[in-house]
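Common to both upcoming complexes is chain A, partnered first by chain B, then by chain C.
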Partner chain A sequence: MNAIGVLVRKEAGEVLMSGRGLTWLLALSGMLSVFTLLLVSNTELSLLDNAQVVYDMVGLVTALGALLALILGADSVAGERERGTLVPLLLTPLSRGQILAGKLGGLLIAWGVMYVLALPYLWAVGSTGQNMTDAMVVLAVLGTPVVLAFAFFGMGLGAVLGSLRSTLLTGLVVLILSASPLLLGPSLRQATVGRAFDAVNPFSGALNAYDAVIIDSQTLIAQAGHWLTILAWTGLALWFAVHGFKRVSR
Partner chain B sequence: MLIDMQHVQLSLNDAPVLRDVSLSLGEGEIYGLLGPNGAGKSTTIAVVLGLLSPDAGQVQVLGQDPLVQPVAVHRQVGVLPEQNGFYGWMTGSDYLAFFARLYGRPHDAEAMRALMAQVGLAPRDGQRIATYSRGMAQRLGLARALVPQPRLLILDEPTNGLDPRGRREIHDVLIELSTRHGVGILLCTHLLDDVDRLCQRIGIMVEGRSVVEGGLSELIRSGHSAARFRVRLREAPPADTRRPTGVSFIRSEGEWWIADVDPSTQPEQAWRELLFLGWPIVEVVRAGGGLEDLYLSITEQRTAA
Partner chain C sequence: MRPFTATVLFVVLLATAAGSAQAGDVSVSLEPAPGNPSAPRMGDRLHFHSVIQNQGQQAVDGLIAWISLVQIDKGREQPMDLEDWSAHKAVTSASLAPGAKLDTDWPMRLIQAGHYRVVISAVSRNGVGLSASPFVDFEVLPKPVVESRRVLPVAFGVPLLVIGAMLWRRWS
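Presenting the complex of A and B:
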């Protein structure tokens, strides 16, 4: 196993095998269970149709994934720095890029676990409809870069701010702001401000693509505009993480 | 030369931290880097390791610039940093194997056991690092520093948290590494006993400047502070007022006399001359003027200046 693989294994082990990791998995299962119960109740009462609940579930998993990525990204730099475990890593014969790649690999495994964990819940709310496969694909294809963007952002912010608390506070504010389309009503989203926000917001890009694919049954290829918005933000966040991580000295 | 650092200057957030630091360390040498808190010792180490880029001056580590070739330098350097954290959920053996893999070194159980034995670490089977005592954690940090089989070891307070026996064991490990394996060791510590026992050369930093660098015994002898001794006499000294040069008696306390010996004078020679002059010397005990006095006098002078 090469050095990056060794680091990926360590990072994934830290997320999935430590007490913290187990707590996170339990909390995630609890949240998905509650949300599933609410959505299934709505479907049974015919308040929401099947496609709508699948869309809501996919949006929630993306938001939770972004939250997870932000926390893990921040912890992997600012947290490790505060715990004194980052410097020994920086002093190994690995380049900064390799260390960042290793940390990202561990984070992607955590997202993978979360994705797999979300599938039974997605099935529970959407098994009677025709859009389950589309939902799973669009979540993987567009949800992953959104999660990556927040992971990079957490890492970069952790490198620049140094303190885990400051990083998490700042990161959560940004996450809430960018996830606000989930909270905006349709009329506000149709207003000029809402449209402008939608056009540049990676979260909106993902949600609009989910909407088009899951509810309107459009193809994924047709979502190129949303895809580009998301990838542009992911690229920008990657640049921020790489440049921030280069500045970490102790 | 393992470390060759010349006139390094560095400012952090526009505040000068290193004003003029020079340091050189050869193979098989143990070098003690001393200085008061905030003198810039840890920053100096960060510069040596290529973690910080100096504003001016030259740094070569193992013949390479640590900023240009950090990976090549890190491959041959073992470090025990000041702030030393561990992955508490791992066992000590897993932890060392993790770093051994990163360095591309053997990481089988046998190799890890040997490494732990070298630093006197004997955890229970399956014991997680989170449950280690401070001394055990310190030994684990030292074992990690030895993973790359380094040519250069940089240790920041390596005997922190160790009991006297533990300290002695770590001293023995370091002496063996330097004498038998030619490892150069940069030791950053506040424990002057450690420096006295281990180091051939020292450097003292005050407010970001190297103010003294040289061989430990030469520095103590040459010009920085007089050595103070307590001399016990069997009876009153002779009436003859002649004294060896460089020796001055300060006062008497019963049968004990307090004497200062200039750095330029060999104390053993002075006692022989006094005996020749008829001084009834029974016992001589060093009462100061060693490394501690040297350190205190230099740091006080410079801080006052």
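Presenting the complex of A and C:
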């Protein structure tokens, strides 16, 4: 196994096989379980509501994935620095790009496990409704770059700020702001400021694409505008992470 | 104005008015498609077929026909917003020649349980009234959308699996 593979395996193992990683997965499954159980008692759901439920769940999984990515991204630089393990890592033969790639690989595996964990819930609430398969596909295709964007952002922020606490606080504020369309009603988002925010916010891009595909039965290809917004932010966040990590001194 | 001129103008105006097809010249029929399920449930698709025919002597210009759906359950009478039911809500024709027919298929996805009545209405640019099809009534049977028999095993099973993984990790 090459050096990056070793690092990916180590990172993924820390996330998934450690006590804290499994606790995170338990918290995730618990949250999704509570969400689905709350729906069982609702006997007046129409098929549209069923699609709405799938949409809500896909949005929730994306938000949780972004939260996981932000924490892991912040921990991969700022956390390593505070634990005193960053310098030994930088002294390995791995280049900084390889270190970032290794940490990213671990995070992607963690997100993959989280995604797989969410699939039974999507099936449970969405198999009698419309576009369940499309929901699973759009979550993978557009949720992944959103999650990656927050991972890169966490890495870059950790490299720039240095302190894990500051990184997490700042990152969480940005995440809450970005994910606020999950909580805001459509009427608020129809205001000029809301529309402008939607146009530049990658999380809004993902949510609007979810809405179009799951509820309005549009194709994924037709969401090109949302793709562009998300990919642009992912690219920008990647540049921020690479640029920030280069500045980290031994 | 001379009486003769006024009479000619009146006759011309009358002839013009009579020449434009009125709403009564358009007939609208509506029937459910033969392949529709006999006991449709939520999530099923129904099709309705309408024929709009110009039965007048003049062309009907600017014809617009649209589908309307109302719920007729006692205490829940309401017009339905078709946005979620159908993407095909209206049909237009620039001009319908005398005797010509406009055949239209109206697909519909059944979103909510209840008793419904569907009707096609048509108006034309110069028409003075509305042409409406006969009603077609149908019932949509309920279908549980979030079923406890699917949700409960997942809601309890997945966390138990994770707990199992935690225990296996601790003891292995």
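Please note the rule applied: the second predicted complex is superposed on the first by the 239 of 250 C-alpha atoms of A that agree within 3 Å, B and C clash if a C-alpha of one lies under 4 Å from a C-alpha of the other, contacts with A are read in each partner's own complex, and residues count from 1 in each chain.
By definition in this document, a residue touches a chain if its C-beta (ideal position, glycine included) is under 8 Å from a C-beta of that chain, and two chains touch if they have at least 3 such contacts.
Since we're looking at a predicted model, the values are computed, not measured.
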Partner chain(s) touched by A:Leu22 [first = chain B, second = chain C, both, neither]: second
Touched partner set for A:Ser127, first chain B, second chain C, both or neither: second
Touched partner set for A:Val77, first chain B, second chain C, both or neither: neither
Which superposed partner A:Thr85 touches (first chain B, second chain C, both, neither): first
Most chain A residues touched (candidates chain B, chain C): C
First, second, both or neither for A:Lys10, with chain B first and chain C second: first
Touching partner for A:Leu94 - first (chain B), second (chain C), both, neither: first
Where chain A meets both chain C and chain B, residue numbers: 17, 19
Chain A partner contacts - residues on chain C that touch it in the complex: 42-43, 84, 109-113, 143-148, 150-159, 161-163, 165-166, 169-170
Touching residues (chain side chain B, partner chain A) in the complex: 42, 46, 49, 51-52, 70-72, 74-75, 77, 79, 81, 83-87, 89, 98-99, 101-104, 144, 148
Contacting residues of chain A [partner chain B, same complex]: 1, 3, 6-7, 10, 13-14, 17-19, 80, 83-88, 90-95, 249-250
Chain C contact footprint on chain A (complex, rising order): 17, 19, 22-23, 25-26, 29-30, 32-34, 36-37, 39-40, 42-43, 45-50, 53, 117, 120-121, 123-125, 127-130
